[in-house]
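Heads up, the next two complexes both have chain A, just with different partners, chain B and then chain C.
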Partner chain A sequence: MQFTLFEAVIWSLVIVLAIIIVILIFYLKILRRNIRVKEKNNIKYREKIEKLLIEYIYAEEEGELLSKKQKAIIKQFKKGLVSKRKRIIITETFLQLDQQVAGHMIEQMNSLYKKIGLLNYAIKKLRSKQWHIVAIGIKDLRHFKVKRVRSSISKLINHHREEVRREAHLYFIELFGFEGLNFLDNLKVPLSEWDQILLLGEVENFEYDETLDLKKWLESNNDYVVLFVLNIVKLFNRLETKDTLIDLLQHKNAEIRIKTIDIITHFEILEAKEFIIQRFSEISDKEKVAFFKYLEKVAEIEDAMFLIEHVNNNNFEIKHRALKILKRVDVNLYNKLEKNSEDAEYNRIIDYLDVSYGV
Partner chain B sequence: MEYDYIIRNIVLVFHYFFLVFTVLIVGSYVILAVFSSRETIEYLKKNSFVNYKDLLTSDVAPSISIIAPAYNESLNIVENVRSLLSTHYVNYDVIIVNDGSKDDSLEKLIKAYDLERIEYLINQRVPTKPLRAGVFKSKNPAFEKLIVVDKENGGKADALNCGINISESRYLACIDVDCLLLEDSLQRMVKPFLEYTDRKVIASGGVIRIANSCKIEDGKLLEVNYPDKWLERCQILEYLRSFLLGRMAWARLNGLLVISGAFGLFDREIAIKVGGYDTKTVGEDMEIIVRMRRYMEEEKLPYKVAYIPDPLCWTEAPDNRKIFISQRNRWTRGTIEVLKIHKKIRWNPNYGVLGMLSYPYWMIFERYAPIVEVLGMIYFIFLIIYQPLSWSFILGLFLLVYLFSLLFSFVAIFTEEFTYHQYKRKGIGFKLILTVFLEPFILHPLVLYAAMRGNYDYYFNKKKKWGVMVRKGLSKS
Partner chain C sequence: MSKKKIVLAEDNSVLSLLLKFRLEKDGHHLLMAKNGKEAIELIENENPDLILTDIMMDYVSGLEVISHVRNKLESKTPILVFSSSGQEEMVLKAFNLGANDFMSKPLSPNELSIRVKRMLL
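Take a look at the complex of A and B:
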């Protein structure tokens, strides 16, 4: 067998790989050193920016629009903006400090943000072709409460990247409060649970606007809007939506029906009981479990016969809750129940309830 | 003459077999490296402006149960539980399953956390060994998130199943009790479950990092150090390659077959639907993922197994050869068992990526690779003896294989440097380079030996189960 051709190929590859590896070794050494140096420089520059920002905020002189010191600081900031690395640090420091100051100082920082030109950079980011730059741009504008880009950002609420539209939704709520929720009217894309958590985190910061019409969103064609608004209903205890909630118990989306039962449980709406009992055989196991959680709060002695029907349910959780509620609403009937069944699960639940736990 | 002709043809068959295998394995590594770099860039972009603080106070944050099985962990159990209780998340509990420990683990926990036995109604959705001393909760409200279950010994999978039965949360974080979780690990791990609307995320796995020699105090990682022992150093490099390159790429392809048993987050509903962990295999961490994926494929439900490259979980790696070999032996047997249990998936187009890509890859390049490697060595020796081989060819081939392995390790190191840069201290760079050069001689022969022993034990020593993992404890590092 001849290996001469193989040999030539192999040794060529060996040489190429050896050269690559030697280059990589040197590059690794340089890279690690650069990372260390960059980290040190970044820390140093961040400290400098923090100091300048604080100096700027406290350097205001009465009667003057801008003190000499402030003008000098603006000049230094502008000089730094040329470098991308420094611009990122300046923005980050602004954002960080913005969350630590209050009142007049926030206004001053926001005005400085505009004066040094960072605002223009943020607006420019909205036109980027890279989605993450757009998202960062919206985030910056949101933090610095820049309302005048509202129309540009409204075009992004249905962006194909969830990160971009998430930032756009947050922008509307953070800057315009409940009025900002109007973006839900035009929402055609999903709102993930993650989105909802972030949006609710912002919504929580506002006093509820009594003029708000939650009903239209509870009837939205976008199921995600319905789910999100159900969370708002619960968060702000909007009991006036009761009738719409009962209608939602028949919604085609099971997730919405389950969430609705959860809210009905929260409000302890009695009218829902008969309605669900009537269609109990048609609903899913998850809805049944949610309904029994509701019954734990609202069941009365009249419900004993319904509960009896379910003490031998195949679902452990339903069986447990049925027995537990029965013990609470009609202990005599509960005591008449057979204590030893062929169903081991049933016996375990009875044993557990009889040592008076679970009530 | 005819005999010579037959031998020559047999040699030629072997020759092309090894050539094709080598080209495929090298090609797959290159493709995986490309996919992993894409996925890493995408992940970093996605998470460069994420704020997790809203999750910490949200009323709608999903519930998570951390389930940690413990067997004879008396040495560090109190500190380890304290570390788990200091996790930053709003809606979670910690379930410690004392799996029939013979030491004083339970007594120590009772004393340290002021535990009392409570009546607890367990929904036995997954069969497990019975309880021993029962279920305990703390009298101290500061530890209200803690539940300790004492049960008869049934192995890690059985203990995890017991935790699954106890849990009432939406997600299960199954971890090794001696692992150190970073404070924000649950927030990061749960994010993919909440993000997707077009498919269900059934599990997410995280990177496991080696904590040997790291400075740890009160369950917190204070300083990342590079160990002195070569075995530990080599494992660090191996983990970087495996977690930052291999698994990241498979996550991109939605083809992940394994989530490390040390730390993984699961959708409880699906985990229960598939029957929990399999107690009959030593590869239970891989098996449950394959089974969950198989279930979703069979039900035709869109799904994803997510992967988080952030360094969230730090664990102690074996620091001596005997324990290392025992661990890898078990991993090999686990792989063989899982592939055998789910052989229906193999080359089955009904299972999509799982059947046509993940399973075959795992079978060829994980299951059979050590065997092919040993056969290759035997073949090479045969050639040296019976064929007039050129020594320049042998040396060239050896160098080519060696240099390629170095190149792949360098790619892993560069990925680490460009992303997380955990080994910051000056001087570690040189040690990393040295490890890259020595690892093929120090670690690889042990891995190969352990894999072959695993094969042997699987077929000829059926009684062999977990083996012993002696731990020093992270707080002592």
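Take a look at the complex of A and C:
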């Protein structure tokens, strides 16, 4: 049987492809086997490390710096650190327990972390050229409360990757409390909303510190710092910042102005009322709405004429709040208002306030 | 005196090992569950004297474990729940379902040991 050239090429290709497929099948089989073996070894090593860690914690003997058993366990940990895979497992195991237990055990774990040399590996990570390694390094140092690397981490607060910055900021707040907030002095980059939520979550746990000077951060050139500190002012009711808050009503950033009105509303600062009324025509609609929310809390009968000016405002929310506040502060004047208008929204609000409101 | 049987349902393997070590030192017999499903199986088969359970677990949560013990098995076995910060509402639900006590994480194993002793009286 003789093949044409074309048929010969096709058959050769089929044979070559079949060989490649067979090789690939074997390769995948070996690969899968290796992954399974590796996973099995990891589980086995993890179990060993967990057991060693618990044994170390309970092997403490009164009056002795380190018991014989503890010294032997440290040796075993150190042996594992040479391998990167084992080092990762050891760190993960430490972190897994670090968040779950309290008191003396945490101190024991932190000291073990340093004794076995994991601390040096974490410090080395800070010098890595890969940003994610740097972030992991800071996270490890934060979890194990290593304060002596403060100056190295302070250089990372303006890192170009937000993941690294976030870890650096959390490091300062978690380890140094209110004092850690001083990193805000040198912050040149944005603080995202998520970052602010994370940081506020930590700040909430702080003991109240009256001596903390928030004013300097309310005057920061970094708008994100101002916004973040406004949240702290509200959280800890720092009313002594009142004058700075009134100054912030003229800030160039609209978001800060709105947030400031929100804080002023929270504190019910009366001095801000006249200040905003005088500038009312210049401020944005969002600020106007925020101001009417403030008036809901602080308006009095002498504000009735200002409210009358806005009962026909084009903005529904302003119109609604103006009528509602007017009814509260000066019901006689409110009753004298025309109850029927060409503006359907106005009629609906009046109807709501007169008939349904409060029912 | 026979050892008291305690079911410990906790998905953090290191923590559960640590608590097991501590409570076994106190002379208890620990039955370990990695999730709520395993905990329910152990409770049904072993009829423990005390149940310690985390609130958040895979497959079946701690709340479901409590509900199963109190409503389906109609058992009065004391239950202590572990919660993390931010799970206050879950703790209230746990009490409504019939939990007897709670401890928030991070845990103090010594405090747990005292509470366990008190609950087993």
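One rule holds for everything that comes next: the second predicted complex is superposed on the first by the 299 of 359 C-alpha atoms of A that agree within 3 Å, B and C clash if a C-alpha of one lies under 4 Å from a C-alpha of the other, contacts with A are read in each partner's own complex, and residues count from 1 in each chain.
Going forward, a contact is a pair of C-beta atoms (placed from the backbone, for glycine too) under 8 Å apart; a residue touches a chain by one contact, two chains touch by 3 or more.
Bear in mind the structure is a predicted one, so any value in this text is a computation, not a measurement.
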{"item": "Touched partner set for A:V331, first chain B, second chain C, both or neither", "value": "neither"}
{"item": "Touching partner for A:A254 - first (chain B), second (chain C), both, neither", "value": "neither"}
{"item": "Which superposed partner A:G103 touches (first chain B, second chain C, both, neither)", "value": "second"}
{"item": "Chain B versus chain C as contact partner of A:V37, first or second or both or neither", "value": "neither"}
{"item": "Partner chain in contact with A:I88 - chain B first, chain C second, else both or neither", "value": "neither"}
{"item": "In the superposition, chain B vs chain C on chain A residues touched", "value": "B"}
{"item": "Touched partner set for A:S192, first chain B, second chain C, both or neither", "value": "first"}
{"item": "Which of chain B and chain C A:L53 touches, first, second, both or neither", "value": "second"}
{"item": "Complex contacts: residues of chain A adjacent to chain B", "value": "1, 3, 6-7, 10-11, 13-14, 17-18, 20-21, 24-25, 28-29, 31-32, 35-36, 39, 132, 135-136, 139, 162-163, 167, 190-194, 196-198, 200-201, 224, 231, 235, 316-317, 320, 345, 348-349, 352, 355, 357-358"}
{"item": "Residues of chain A defined as touching chain C within the complex", "value": "46-47, 50-51, 53-54, 57-58, 93, 96-97, 99-103, 105-106"}
{"item": "Touching residues (chain side chain C, partner chain A) in the complex", "value": "12-15, 17-18, 21-22, 25, 105-110"}
{"item": "Touching residues on chain B, where the partner in the complex is chain A", "value": "8, 11, 15, 45-46, 48-49, 51, 54-55, 57-62, 119, 121, 123-125, 191, 193-198, 387, 389-390, 392-393, 396-397, 399-400, 403-404, 406-407, 410, 413-414, 417, 421, 424, 426, 429-430, 432-433"}
